[in-house]
Every structure is written in C-alpha cells, then in structure tokens.
C-alpha cells in the first residue's frame, strides 16, 4: 500500500490524463457499440420509420430514433418467406463440418510435424501457412473448376471442402504450437510402458484438448463469416447466412429492415461463441504469434 | 484483333482438358468424389416427331435443369409455379436467384470452363449476352421444331415488344437467336405531381413556363427544374432536390444513365456500328467529339444541381431516395413502379407519382446534325441456353424457356409480384388495360403507356453498344465520368480520357 | 531442426539486433512456433519417420490438391489470352500490359494508402486504448465490449455501414453532417471521402484486435522498471515511450503484418460499400483483380495480377514467419 502511494502521486498532469482517458474510453465504447445498437433497433422498425432523422444539427431531436412501433415482421420475413432457418443450418453445417475436419486432419499433421524432423521441413511448413495467406480472389476461378469437376459446386460437402482450404492450414499451424509445448517425455514414458505409438498420441490429446476446442470454435467463426467462397462455390444449394443477407439487396427494393434483422441473426451466435473462447481469441487471430 | 473465330477449336479443347485434369487429379487423390461428369442426366428417349402434344411436353421427363437467374420478380413468381411445369413436363427445374453481378460471375465461370451446371441462364443483354453470346445455344433450329412443344403465339419479332428480341437475342450476326425476352427494365420518368403542382407558380414566375412533365419535356427543362429546387434548398427551405443521377457503384446502370442524355441529343452513339446487332470490332469510339463533350458539360451541370449523393446512388439506392421523398423526379426503370406505389415503403405512393417518357433532347445542344429524341434505354433479360449442355438437355431447357416466357406466365407474374411483360398480347388483356389507370391493381402497368407506346418506339430507343468487352467498357465509362463529376477532370479531358482508354481497350 | 530453421531466418535476420535488446520480453510474448521444445527422437529415428509421414499425409495431400493445382493454372493462364472461347499463347504480354495499366498501378498505390491509413489508426488508437484499459477496474467488461465488431462477417459489416452512411436516412451520415465533418453529400458519394469510409469500417472492426494484442503485450511489461522510473520522476509520457512501447514492438509488428496481409485477402466490405468507386477512388488492387476476373472475365490479365499479388503475399508471409521465429533464433 505504501509503495503504491509513492508511485501514484497526483500531479495535475496525471489528473488531466485520467480524466482524458475516461472520456476517450467512453467515446470509443460509443463508437464501437453504436452500430450494433442501430442495427438491433432498426431490425424492429418499419421501413418508413427507419427513414426518420432529425434535422441536421438538431441534437435534441435524437429521440426520434426511439419513436417507432416495434414490429417483428422483418424476422418473420426472414424465417417464413426467406428460409433463413435453412441458411442458418447450412452455415452451421458448413462451418462446423470444416472445423471438425480441419482439426482432425490438422492435429494429425501438426502432431507429426511437431515430433519429426526432416530436410525441408520449414519450407513445407511455410508452404502450408502460405496457402492460407493467399488472396482468395486470386485462386477462385481455378478452384471453382476443380469443385465443378467433382460435382461439389452448390453442395454442403463442397462448401466444407472450400472452408477447409483456409481452416486446415490454420489448424496445422496453431496446433503444432500446442503439440510443441507437450514434452515428448510423456509419450516416451507411455511407450516404454508398452503403449503403441497411436495410444501414446491419444494419451497426450487431453493435454491439448482445451486448445483444440477453442480452435474448432475459431474455425467455425472464420467459415461462418466467409462471403466469397459461399457466394461462388456455395451457390444455390448451400446458401449461407452472409450470402442470404447480401441477397436481401434486391433489384427493386433494398429490404433494410430485413437486412438489419439478418445482421442480428448472423452476428449474435458468433458473438456468443467469441465470448466463450475469449481466452484464445488473441492467440487464434494472430495465428498463434501472440499469447495472452 | 482480339476475336478469333471459332477455328481455334484445338486450343479450346486443350483448355477443357486442362480443367478436367484437375478433376481427375482430384479423384485420384481420393477426396471423396464419386463422379466426373454432367450433373444433370437425361433418363428418357426422344420422341420421334408428331405424337400427341402431351408426349411432346413429356419427352424429357425425369431430367433436371438448373436455371441461374437474377433475383427479379419473374423468377420468384415462376419458382412458385414450378410444380405446374413439373406436372406438365416431368422436368425438374431448380431456380437459383442471385444479384446480377453474382449471376454474371457464375455464368461466366460456367460458360468459360466448358461446363453446364447452369443449363438455363438469365442473359441480361449487355452485361451477360454481349460477352458470352458465343457460349449460348442458337435457338433458331428449335423455334418451330415440330418435335418440340411450341408457343401458340410463336417467337417472331412482332409478338414481342419492338426491338426486345434484338436486344437480348441477337448479337453480332442476325442469324442466331440466343435468348428469348424474359423480363424488361425500360427507363422512364417518375415525377412527383404533387410537388410540381405546389411549386408551379413560383417556377413559372422565374422561368416563364409551367412546371410539368410531358413527353415534350426536355433535358433543358430537367436542368431548370433541378436548378430551381437546388436554389430553394440552398436558401434553407425544406423540401426535395429536383433530380438525381444513377452514378453509384454499378457500372452498367451508370453508363446507361449518361447514355440516355447522349442519345437524346442527336441520337449520338458511342461507336459507328449497328446499334441492334453490335459488333465484335467496334473500331474507334466517338467519345471525345464535339457532341459528346458538350453533353458531358451538360451532364456535369445537371449533376451540380442534383442530389448530392449522385456518386453513391446506384439505381436501387436512387429509388430509395425517391421513395423517401427526397427528390422530385428520377429517370428510373419502369419495373420500379410497383415499389414506388407501395404505401408501406414509399412516400411517393398513392397517386403522387406521374409517369412520362424519358426527357427529350434539346435542339441547342445538338452539334452533330441529328434529331432530338426521347432517348430511352433498357435492360432486357433474356433466357438463354448454355451451349455446353448436351443436345438433349438443351431441348429440355428450350421447353422451359418457351413456357416461362409464355403470355400466360407473364400475365401471372405481372399480377403477382409486379413483373414486366415482354409479349405484346399481355397488354391487350382487359384487366391489364384497366390497370393502366389508377387505382391500379398492377402498379407497373401505370408506366406502360410512356414505355411501351412511346419510349421503346423508334427513334427513341437505343440498345447498344453491344460489344464483347461491354463490361469493361461500362466500367471505364463509369469511373471516368465519375472522375468528371468529382471535379478531377473537365468535360473535354473526360472525353479525351474516354477516347484513349476505350480505343486501347478495343485494340488490346 | 535448427539447420532448417536458420535457413529461413537468414533472409530476415538483418534487423534482428533491434530486437536483441528486448529479448526478455519477446521471448514470452511471441511464442516460438516452429521450434519443438524437446529435441525429439533419439529412439529409432528411421522407422519413426515413416509413421509420422503417414499421419500427416492426408492433410498434406488435401492441401496440395487445393493449392498446387490453382497455382499451376494461374501460371498457365497468365501466359494466355482468352477471348470468346479462343485461346492463344501470348508470352509475357499480360505482364507487360500491366506495367502500362493505370488501374493496376493505382491499385497498388491505393492498397498501400488504404493499408497505411488503417494501420496507423488501428495501431495508435488500439495501443492507446490498451494502455488506458490495462489494469482498469472494468477491464474485463471493456474488453468484452470491444471485441464485438470482430465477430461480425465483413460482408454483413459492409451492409450495416452502408445503412449507416446512407445520405438519406443513415444515422452516421446525420452525425457527420451535424458535426460539420461532411456537407449534405454522403461520405460514399465523393471520391475524396470514400476511402475514409472504408478505412473507418476496417478501423471499427479491427482496432480491437490491436488492443487485445497490445494488452497481452502490456501484461509483460516489467512493472518494477516503470515504478523505478516513476520514482526517478519520469512523466507518464516518458514511461510510455521509454519502456512500454519498446516492449510492444514485436507483437505490434506481427499484428501490423497480419492486418496488412488481411487487406489483400478481405475485400468483402469494400465490394459491398463502394465496389471500388466512385471514380476508382477505392479500387485497391484486390478489388481490381476481382473486377478483371469476375466482371471482365479477362482470365489472362486476371491470372497475371493474381500471380503478382501472390508473390508479394509470399514475400510478406516470409517476413511474418521470420518475425514469429525470431526469439528462437536469438537463442534459447
């Protein structure tokens, strides 16, 4: 306590700084959250009510934002007329499927890469991660040709495979980091006790399980939010939520209310998932470079 | 030149091979695929000619077709009726509806890679028809073929509205027809009668003529109206802007927006080519000549007194601005009338909106000696058949194409979701005639008089330029005129810049 | 293992000395990914290897299939010209044409300008935010609130902001207009401001990532050092620049590289908001590539652009991986 007091002596400068920082945080919070508030509220507004704005500069008129009769009709439109429950299921299957496949194949590969050493390994490793870094637009046309010849265009298996193109390298890369942190001695001890190699591998899985769980979620997040693959390879048969949302921009009417509702429907599940794996988020989003 | 006649079959095949190799490779790698090949199969045998009508319709029973369409009303309405088609033919049809740019991408990939995932395609005239004309099957052998069911009205130019078959069906040579008119978007003027009336006195005091809109109203009048409203706005009055342009992100409609004004004044065209058929080798462009630079000046002048969001508003967004009451007039596609007349989404509904042909050219603005006309342009969506599909599938697809463009179907679509007919006979039905007057049960019909009786007739209608590189052409026009509107280029510089870019495009 | 690793590091080792001074902190934050902790395999090395290769084979085969084929396809296409079904070999013409293609060149300029603006704002705001939030009573709540934008699909974010920016009914337009930042025209309607519009969306979505990364870094800043400095009478500013910031450099470098590469990859929100316009003001290179490949269907030119873009991405990737590995190379 005493030492604290020494450090936190209150100069005027510090007082100003702390006030400034509170102001800054409040502004930043508003800036971050306001779009969500507007999206959420607008999803309950009729189109003409959503058009209402106060006169320019009339800050007191902000109240009109809340002057409306809430309606659920946009959500009804989504689910009754637009099949959004199906698109949601598509999103879930495509994202979940690719996440599971990526993590299964990825953990096998990551484990091996972590345990074995050979010439050109770092090149192989770099190649793996570079497949994830490649701009999607650049390879979309040839990828489409491949998927076409496999009859995978417009199907959920096709979309799962498409998402695996970016989730698998990600999984290998991240999971190798996890396996690297598990001492080889554990397996060695198991094998000395007579376990097979595969049993030894299984025995260390519990040690990396929390990480694997978190990365399944991250893979789901990446796939769920994808647009380009879903639009072109998912096509009609495997329409996902972002694509369906974009389609509400219809030639004769931009259905803003429905778009806002679709935004809520698309974003809310990912926010919840994001909170669940909050601890691993930084690690995941920086490809494992930064750990909290 | 860039176009190689189809002699180059050899390299075409090698590319297809190349693409297939990917498929074989994939199969060998065992990623779980089952088959390489067409995803649509034909189960039945072909009917030899003149058996019963029913047999003709049913001859491809069991086959499956995918129709890649834009998300416009006809496709939504027809999707609801697919059951009837199935009962009639036994052919299963799946309709995919996407945004036009996405349709463009998917169609392009499908056609280019020699495949036929989408046997039926929505071929919007210039964005899709012009670049891919050679990839679509020629329908002429099937039109009237006795072994296929046929539409009782037939398919001659005279059964469709003037020029529609040319617009979406004929590209570069007059012998092939690659698409039948499926739906149409024709430009016409939407204006707020109530606002015009309220302002007419003030306007007349200043400009000496009444504020009203007729088929004789010119672009000069539009400029005057817009200037009048802009002045009021600048003076701090509440109220709408007078005019707004389609200069937003979608290049094609941006090009159409400026084309209307160019054509109205002296029937100016971008290239000296046949406007109906287009050309694979358009040669040097006319952009940069005296006439075009003058129109660019006028276009800029109009932009300066228009709604400030011109560069952000594409056709759709512009319609929203009109619906929300922020502009007193727009030149818009007639299929938008239904949304404007919808009380739930529009402040311009309920008899407030008047419909008129596109504005006319101004004699003083004409330098090329041409005529002043009500320059009107269009997007005619055709239904086309992918040439990569097997002959059997093409014939099955043909049955759907004629069924979906039949007068009965068009009438249903118009009544239901508000489509736009392409067959003349639809307009002769009594309740369609009645719907052209308020109160209308089919709001799109309110536009039919200015559009079908006037706008699309010669000399007002412009179709082109139909060139293989239409999409890049649109993109260059859009971005360069936007630079002018943003103040980066003067009209003369814009003309010169367009000329140099477009000539380079057609040489490369 | 070490031999192959240094193979990579050689190329990027040059600036390493800048980091050596801060080795202590980097070692904790930037986790060595390609270095296994224990030197594995003193047991029967030859027999073991085959086993591990079997385990990794499926993943490698799958990746090879979905990445090598497109890559070779791009190379072949880049030397062809295809129009209307006919194809011919044109040598390097596609690449030569790019050199005189204004849209290609300005695509690069815009890509760098866009990235520079995004990164500058994200890093400065993100770090500032991290410093302010770090150790606050409300840290958990604040961080949770902050990370929300990252969870939104970029395409959906684009639509949301299109709604907010709309000149007729958009609330953000109203706010900008009322504050006098904008005239009556919306932010997307001017070639001068459209770039800011897409930058703002990127900043909104991804500043939180920088904040989270910086927060992770800040937790490792040696407190005693700061306190000692403060006792010596150093101002908070000096503390920040002398102690905190140097400790953050390595993680921020990674964050910047990652974000920069993402700008090559993710153009969803730009396609939705501006499509590259108005007047090409937001047509960054990937957007132009998208246009060439999917609107003009000029596959030869598209492949040439894609290859150039890929090469640059690979170089950036090499640098990034070099940064990842750096602490290991420093010697553990």
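Every chain is named by a letter (A, B and C) in the order it is written, and numbering of its residues begins at 1.
Keep in mind that, in the parts below, contacts are C-beta pairs under 8 Å (C-beta built on N, C-alpha and C of every residue); 3 or more make two chains touch, one makes a residue touch a chain.
Computed from a predicted model, the values in this text were never measured in an experiment.
Trainee: Quick one: which chain's Cα centre is the longest way from subunit C's?
Mentor: With centres defined by C-alpha atoms, farthest from subunit C sits B.
Trainee: Write out the two chains that share the greatest number of C-beta pairs in contact.
Mentor: Answer by contact count: the chains A-C.
Trainee: Averaged over CA atoms, how far is the centre of subunit A from the centre of subunit B? Could you give it in whole Å?
Mentor: From the centre of subunit A to the centre of subunit B is 38 Å.
Trainee: What whole-Å value do you get for the distance between subunit B and subunit C if each is reduced to the mean of its CA atoms?
Mentor: For subunit B versus subunit C, the centre distance works out to 39 Å.
Trainee: So the centre of each chain is just the mean of its C-alpha atoms; given that, what is the distance between subunit A and subunit C in Å?
Mentor: 16
Trainee: Spell out, as numbers or ranges, the residues of subunit A touching 2 or more other chains.
Mentor: As it turns out, subunit A has residues touching two or more other chains at 51, 141-142, 145-146, 161, 246, 249.
Trainee: Find every residue in subunit B that makes contact with two or more other chains and list them.
Mentor: 22, 26, 31, 105, 317, 320, 324
Trainee: Counting only residues that touch at least 2 other chains, which ones in subunit C make the list?
Mentor: Answer for subunit C, listing residues that touch two or more other chains: 62, 65, 69, 73, 168-169, 184, 294, 299.
Trainee: Within the complex, which stretch of subunit A touches subunit C?
Mentor: The touching residues are 3, 6-7, 13-14, 17, 21, 24-25, 28-29, 31-36, 38-39, 42, 50-54, 56-59, 65, 105-106, 108-109, 111-131, 133-143, 145-146, 161, 164-165, 168-169, 172-173, 176-177, 180-181, 183-185, 188, 197, 221, 224-228, 241-243, 245-246, 249, 256, 259-260, 262-263, 266-267, 270-271, 273-275, 278, 281-282, 285-292.
Trainee: Using the touch definition up top, name the residues of subunit B that touch subunit A in the complex.
Mentor: For this pair, the touching residues of subunit B are 19-20, 22-24, 26-27, 31-37, 39, 66, 70-73, 94, 96-100, 102, 105-106, 109-110, 113, 115, 117, 316-317, 319-320, 324, 335-336, 338-339, 344-345, 347, 418.
Trainee: Enumerate the contact residues on subunit C facing subunit B in the complex.
Mentor: Answer in residue numbers: 61-62, 64-65, 69, 73, 76, 81-88, 97, 165-169, 183-186, 188-192, 194, 274-281, 283, 291, 294-299.
Trainee: For subunit B, which residues count as touching subunit C in their complex?
Mentor: Listed in rising order, the residues are 2-8, 11-12, 14-15, 18, 22, 25-26, 29, 31, 101, 104-105, 108, 112, 131, 134-135, 247-251, 280, 307-313, 317, 320-321, 324, 326, 468-469, 471-472, 475, 478-480, 482-483, 485-486, 488, 508.
Trainee: Please name which positions on subunit C make contact with subunit A in the complex.
Mentor: Where subunit C meets subunit A, its residues are 1, 4-5, 7-8, 29-38, 40-41, 43, 48-49, 51-53, 55-56, 58-60, 62-63, 65-67, 69-71, 73-74, 125, 128-129, 132-133, 136, 142-156, 159-161, 163-164, 168-169, 171, 174, 177-178, 184, 204, 208-209, 212-213, 215-217, 219, 227, 230-231, 235-236, 251, 254-255, 258, 261, 264-265, 267-268, 272, 286, 289-290, 293-294, 299, 302, 305-307, 309-310, 313-314, 316-318, 321, 323-324.
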